[in-house]
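Here subunit A shows up in two complexes: once beside subunit B, once beside subunit C.
For the complex of A and B:
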């Protein structure tokens, strides 16, 4: 019973999804802009278009990774600063809520002016990552066990020792789940950033193939984007689980 | 007053840096405008902004309502029928972890350029969080209450009405909050790509005409709209979770 709900039905769902896609595409039920699965897969076997996708993926991955790394470091560092200087926290928290609610595309015009067209994808990827990491690091640092903190203080630990021996370690799981969510935000930021006139990237391919009616290429590109995001998410989930198992032991 | 300064210093700092940058770099106004110019454009030509802002807001709210209703209905159907729940799992998993904004060009191509497509895109994109959160909420029922209802021989329908829906209400309001920010984002992206009117179109068009003050004004207004919707839905979420969590 459990197995059926866990494996069989989702498997049927997968088959239905892929089969339905093929049938609808072949029969043209949703019009010419809904290609069949095989038509989309053929794009990957076609030399020039496959080369275009590889080239664009490298560019997008580069921007997303740069933005991710910058956002990650800055977010964690500022959260640490806010943790050590509580006076700053009110304003930074408010800003984090604000940026979390901001539609990334509305930042586009601002970033084109400040960062330039070429670095807009990376900058737009960095912004949501920065604030996700700021929030998750802050929550993690404040979530350290009160009792262990008292023990450390009683044993004569200073502010620095409390931070490195207790709070920083307690924050790791929260930071990791922030990193997991941030992966997909970085991808969205990079792609939307490319729509504002970047020279290359998957976002550019998506936009051009949409405007030039290259339907199979459009779908193939979106699948590449989804696959890249999912594998990033999957990789971070594996790391998170491994770390959680290790840290969980001393959490008790 | 002191509280306000402590809360708003990063925004003030950003605005000051922007102003400082403009006045030291000495760019012409087609490259960069100071924050004051954006504000004065907003204040002097409110008519230019009003109808695009209302357009975006109306589409975001309408799309959100449709998406939420669809998500809730499908989640309820999945709760009542286990086969459906299993079959929809891969769809939900796939769509909740892909960057949905990147699917908008596909939707645009599928349904054609136009306002109808904008509404459909918003409804579709807010449907995913609504479905995922409602489904999760319906599954986390308080175990003892479920036992009581079973002992009293409540039917599946009665359990749904008396227990599942009230218990899932906090998740529903979370879905509303997540969906609200999505709805404005998707509305802007759709308007930007299809030029169907609204703030997204306003900043797409004015960027091309180098009317930077107007473009940044539209951008600022879009941000304000999104933040306002987010704050409103967060207030609803907090109120509901206070009422419903207090009882359990």
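For the complex of A and C:
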């Protein structure tokens, strides 16, 4: 029964959806821009187009990963600074909100001019990651149990010890939640960044195949993007769950 | 060990009036209390009388508005810095990601001392948790967790032990058993102790002296010695003397 709920029903759902896709595509029910599933899958078997997708995926993944790493380090570091120097917190909070409020579409051209075409995807990936990590790290650090803070203070712990023995560890689950959500944001940022004229990347392929009416390639690229985003999210979800179990929230 | 003194201590807080102005009100004091070396003092009083504020003042977690708090002639934050204070709260005061052993090691780590294995073993035994050294707090019962918290408070042989409703979150049966456990643990080293509690019986059973605080602002209404010899047997709670003292204290808790 359990197995049926967890495997069988989702499998039936997938088969129905993919089968429906194939039928609709073959019959042309939604017009020429909706290809059949087999037509899309054929792209992956086609040497030159498959090679293009691999090349582009590598470029996009590289930009997203770079932006992710930069945004993560900056976001966490600035959150730590705001936590340790309460005087700065108000200002840094407002700065982070401002950064988040800037529309990516408006930021793109500015980055093209300042950071250059090659770096814009990574830069646009870093922006939302920074905001998400700034917020989640700050919430995590401030979320340490008040009572445990009092115990540590009474035992004579200084600021640094309270941070390393309590707050930083208590913050880990929240930081991981932020990292999980940020993974998708980094992919979106990188792809949008590529639209502004990057030399290569999945965003470039999406744009070109759309403009040249290469419909199966467009769909195949979108599927690759979705798969990459979902794998990143899934991987981080697994890590987050493992760490949450290890750290054992609340009770204690 | 330590003797401690509160001299003319008051603590005021700000509150907002209906008109939106801030005004100061006294939550505590003036309070004059002396506690001798190795004495176990229980502090009781109605909710909001400032019992926990007294404890926080002694722990160096709060400063008096007026007056002086001294432990062995030093202000509490000095004892904090010397790692000479032990504290246990009602619940949820263990690091949930650490095992029993590792939680007991925390005071040593904070003091920058190596935690001798045998001392950790002693503390595990003291808490009666042999076999649970590697368990996490979430795997322990409420009573076991509190024993770990108290053993941790005693780890560095503190000069002053502060207990804030240490068994307040436990059921009545466990609480009773823990009271006897605490006396056993306490008798091993007899540190100067201040325990805040709601329970008159707990206070009479454990303390050498019971202080009753008035309602806000908290002042000492009654200061009574508890004459029973230690270790105190369970049968003590069925004696007339015990009940007389408990009744007398309970009467003092009623609003004047």
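We take it that the second predicted complex is superposed on the first by the 234 of 252 C-alpha atoms of A that agree within 3 Å, B and C clash if a C-alpha of one lies under 4 Å from a C-alpha of the other, contacts with A are read in each partner's own complex, and residues count from 1 in each chain.
What we mean here is this: a residue touches a chain if its C-beta (ideal position, glycine included) is under 8 Å from a C-beta of that chain, and two chains touch if they have at least 3 such contacts.
Just so we're clear, the structure is a prediction, and the values are computed from it rather than from any experiment.
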Exercise. Record, for the superposition on subunit A, whether partners subunit B and subunit C clash or fit.
Key: fit
Exercise. Return first, second, both or neither, reflecting whether A:156 touches subunit B, subunit C, both chains, or no partner chain.
Key: second
Exercise. Using the superposition on chain A described above, determine whether A:95 touches subunit B (first), subunit C (second), both, or neither.
Key: first
Practice problem: In the overlay, answer first, second, both or neither for which of subunit B and subunit C A:166 touches. | Solution: second
Quiz prompt | First (subunit B), second (subunit C), both or neither touched by A:147 | solution = second
Quiz item: Is A:247 in contact with subunit B, with subunit C, with both, or with neither (first, second, both, neither)?
Solution: second
Quiz item: subunit A residues in contact: does subunit B have more, or subunit C?
Solution: B
Quiz item: Just how close are subunit B and subunit C at their nearest CA atoms in the overlay, in Å?
Solution: 20
Quiz item: Common interface residues of subunit A with subunit B and subunit C?
Solution: none
Quiz item: Of all residues in subunit B, which touch subunit A in the complex?
Solution: 3, 6-11, 31-32, 82-83, 85-91, 94, 97-99, 101-103, 105-106, 108-110, 181, 184-185, 188-189, 192-193, 199-200, 203, 207, 212, 215-216, 219, 222-223, 226-227, 229-231
Quiz item: If you look only at subunit A, which of its residues touch subunit B in the complex?
Solution: 4-6, 8-10, 12-14, 16-17, 30-31, 33-34, 87-88, 90-92, 94-95, 97-98, 100-110, 112-113, 184, 187-188, 191-192, 195, 203, 206-207, 209-210, 213, 215, 218-219, 222, 225-226, 229-230, 233
Self-check item: Complex interface listing, subunit A residues touching subunit C
Solution: 145, 147-148, 150-157, 161, 165-166, 169, 246-252
Quiz item: What part of subunit C is in contact with subunit A in the complex they form?
Solution: 56, 59-61, 80-87, 89, 92-97, 106-107, 109-111, 136-138, 145, 162
